[in-house]
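Below: a set of structures, written as structure tokens.
Next come two complexes, and both contain chain A; in the first it sits with chain B, in the second with chain C.
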Partner chain A sequence: MKINKILIIALLMLASAAMGQKYVTKTGSIKFFSDAPMEKIEAYNNQVNAALDTETGDLVFKVLMKSFTFEKALMQEHFNENYVESDKFPNATFVGKITNAGEIGFQKGGTFDAQVEGKLTIHGVTRSVKELGSLTVSDGKILTTSVFPIKLSDYEIKIPKTVASNISESVEITVEVSLAILNQ
Partner chain B sequence: MRKRLFSVWLAFLLTSGSIFAQDLMDMLGENEAPVVDYTRGTFKTTRIVIGQSIETPPKGNMIFIVTHHFGKLNSGYENLFGLNQAYIRLGVEYGITDWLGIGLGINTYKITWDGFLKARILRQSTGARRMPLSMNLFASMAVKTNKWDDPDRTNYASSRFSYAFQLQIARKFGKWVSLQLMPELVHKNLVKSAKDKNDIFALGAGGRVKVSNRVSINAEYHYVFPGQIHEKVYGSFSFGIDIETGGHVFQIFLTNSIGEIEEYFIPETTGSWLNGDIFLGFNITRIFTIVKPKLP
Partner chain C sequence: MKLWIKIILGLAIIGIIAVLFGYFFVYNKPHTDYENAEAEYTLNAPELYNAFVEDKHGADSLYTGKVILIEAPLTKKETADSLVIAVIVFNEGMFGDEGIRCVMLPKFHETIMAYQTGDPIKIKGYCTGYNDTDVILEHCSIIH
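Our next item is the complex of A and B:
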């Protein structure tokens, strides 16, 4: 009985310690770029939700697919209707961790390489990913950037043969998110 | 007992990492401000089959649309079952804003020019504002410039004009089904006989069922209320298939109407499906971005 009490107290202490400083944003930006022989397609989303817990290194992203803006309205419609099916799968999410959070000087500031690992969900398909990024820490703000490719077929996004020369099978994702300290 | 409790704690501690990440995710959900989510793609293009759909060109976009009706299917081998004839309309449409579209067209049928305005007054939406329906006002004018039917009488320039007005009410029922209802009015400055009304009231209905992301089956019917037209006319009924490729939409259909604009196909459909007065036709729609939206 005694041990149980001690355990509970220890756990509570641990939990509160784990509630480190949180950084959040609602206006992060994600760009994607498809470089196919016939057509280059770019889309921007600057309403990306993201949060980082500096203590645990936990990092999450939530992207409303409908917020991607394209150069051509028709592309935007096809993107939502035919490819990512955003009525069915409104959000893309990432739930993961900065695995080398211990090496990053969240207190002293500077630019650091970050190793990020976690689960990326697009079009209802979840896959484990491991990417590199960079973190720039300066008073109360953390800028996270990362560039990585994703394969559309990994997320069951089907490209019909007729437009195969217009849409690249591998799309480059550029993440640029500036997180601000959350005052609790 | 103690052992079991301990293992529960241990399991909890081990999984806590991901639990905290999930907490962070839930926090994001709380912070999200609701936005108005407008329903897109009620129809694939600005036509259901032969008539106007609720869709307007997006802001800064131009649509080029070629409409083609062949001749009557029952016109026999000497006419190659209608393939020997063609009624064509070439049209352009432009989105001044996302809620106002304008259009201009030239028809080979009676050498008619037509122009129209299409204004969205309600847009179906969810999220911060819920609206179950989309609604448009459609107003069009047609000027026929062929030779006078009766050159011996006094013909006025105004006699060349006719007009069509529609209140378009549409709803997209999920991904697969969209329906549209159109109370409509056609006004003709000149009618064939004194027994004909100048204002012709009708009710149109149309819809589509998608069979895949890029293909849908569409149908459209216009019911003309009786007692307005002396000549025997039929309701215009058309059905067909929409095929969307990258930048084009192809619509291939069968109809009993020659006319390609509301002024003609609503009150002047003399063909009957049962008699085989059926026209094979197609629309080819191509969209161009004229003014690019500002990207960050």
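Our next item is the complex of A and C:
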């Protein structure tokens, strides 16, 4: 009986060590920027869920499309109703990993390049992506940043010809999340 | 003045008024005043949270994109950069606490900070949906 108990405790300890440390945030920020001939459009979302397992490099982001805020109410309406159809596709997600997690000094701290690979889902369309980012480990927090372009047509987001000069076909996405250790 | 000149001038004035109207009232129309907007639904917080957990699509079509008034005891307050968030917790999950997160309008930052854990509170906000961990209300105000 006693041996069984010790075995269970040892197994639980091993499992916990194998899981690594999990860092999370619910207030990550994503900005998108469209630079078209007629106008520049920016939108922000600072209610981004993100989680990183430092042991495996597993990385997850989840975004509610209706949380994007635009300077102009009309743009926000068009974004939700006509382009990303947020009633039909309320979330965007990224599920992937930092492929060089082993090279990142999560324990010692510093700034590191991160290679990120995974599946990005926007507007109900999932595509494989491979991007570079930067990780700064300091004071028990991990600041993750990445800037990358996405083509709207890749995600079947259609821009009517009448406003084609107002919205760029390729928009720049800036991700900035400050992750803190999850105390469970 | 000749008749055709009068017609052209009249049309030009109508055109200018239409462009100005379009610019100020359509292209530049203001964002919704969420503090003074009327709530479309008034619910107890657990009712709203459980609706999303039990039937996400059904709750999305009912509540997402709507102004909602909820009542509950406050669990905690969070600050992040310029944000102040009132949180009502129901569960624990992979991102930590799960529940309803109310992003407060700047005008209510000080007011919400004066509330203590367990204080009953009525919060009105714009529901942006459920991200599989939390129901998010934005542009929130406190109703007395």
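Keep in mind that, in the parts below, the second predicted complex is superposed on the first by the 166 of 184 C-alpha atoms of A that agree within 3 Å, B and C clash if a C-alpha of one lies under 4 Å from a C-alpha of the other, contacts with A are read in each partner's own complex, and residues count from 1 in each chain.
Just so we're on the same page, a contact is a pair of C-beta atoms (placed from the backbone, for glycine too) under 8 Å apart; a residue touches a chain by one contact, two chains touch by 3 or more.
Note that the coordinates shown come from a computational prediction; the quantities given were computed from them, not determined experimentally.
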{"item": "Combined model on chain A: chain C and chain B, fit or clash", "value": "clash"}
{"item": "Of chain C and chain B, partner touching more chain A residues", "value": "B"}
{"item": "First, second, both or neither for A:S153, with chain B first and chain C second", "value": "neither"}
{"item": "Contacts of A:N166 with chain B and chain C, given as first, second, both or neither", "value": "first"}
{"item": "Which superposed partner A:T56 touches (first chain B, second chain C, both, neither)", "value": "first"}
{"item": "Partner chain(s) touched by A:D87 [first = chain B, second = chain C, both, neither]", "value": "both"}
{"item": "Touching partner for A:A73 - first (chain B), second (chain C), both, neither", "value": "both"}
{"item": "First, second, both or neither for A:T27, with chain B first and chain C second", "value": "second"}
{"item": "Chain B versus chain C as contact partner of A:N46, first or second or both or neither", "value": "both"}
{"item": "Residue range of chain B overlapping chain C upon superposition on chain A, of 1-9, 73-81, 91-99 or 145-153", "value": "91-99"}
{"item": "Set of chain A residues, in rising order, touched by both chain B and chain C", "value": "22, 24, 26, 46, 49, 51, 62, 64, 66, 72-74, 80, 87"}
{"item": "Of chain A, residues touching chain B in the complex", "value": "3-4, 7, 11, 14-15, 18-19, 22, 24, 26, 29, 42, 44, 46, 49-53, 56, 58-60, 62, 64, 66, 69, 71-74, 77-78, 80-82, 85, 87-88, 93, 95-97, 118, 160, 162-163, 166"}
{"item": "Chain A to chain C touching residues, read off their complex", "value": "22, 24, 26-27, 46-47, 49, 51, 62-64, 66-67, 72-74, 76, 80, 86-87, 90-91, 182-184"}
{"item": "Complex contact set, residues of chain C against chain A", "value": "26-32, 60-61, 64-65, 78, 80-81, 83, 85, 92, 94-96, 101, 103, 128-129, 131-134, 136, 138"}
{"item": "Residue ranges of chain B touching chain A (in the complex, touch as defined)", "value": "2, 5-6, 9, 12-13, 16-18, 20-22, 24-25, 27-29, 31-33, 35, 37, 40-41, 58-61, 174-175, 213-214, 245-247, 287, 289, 292-293, 295-296"}
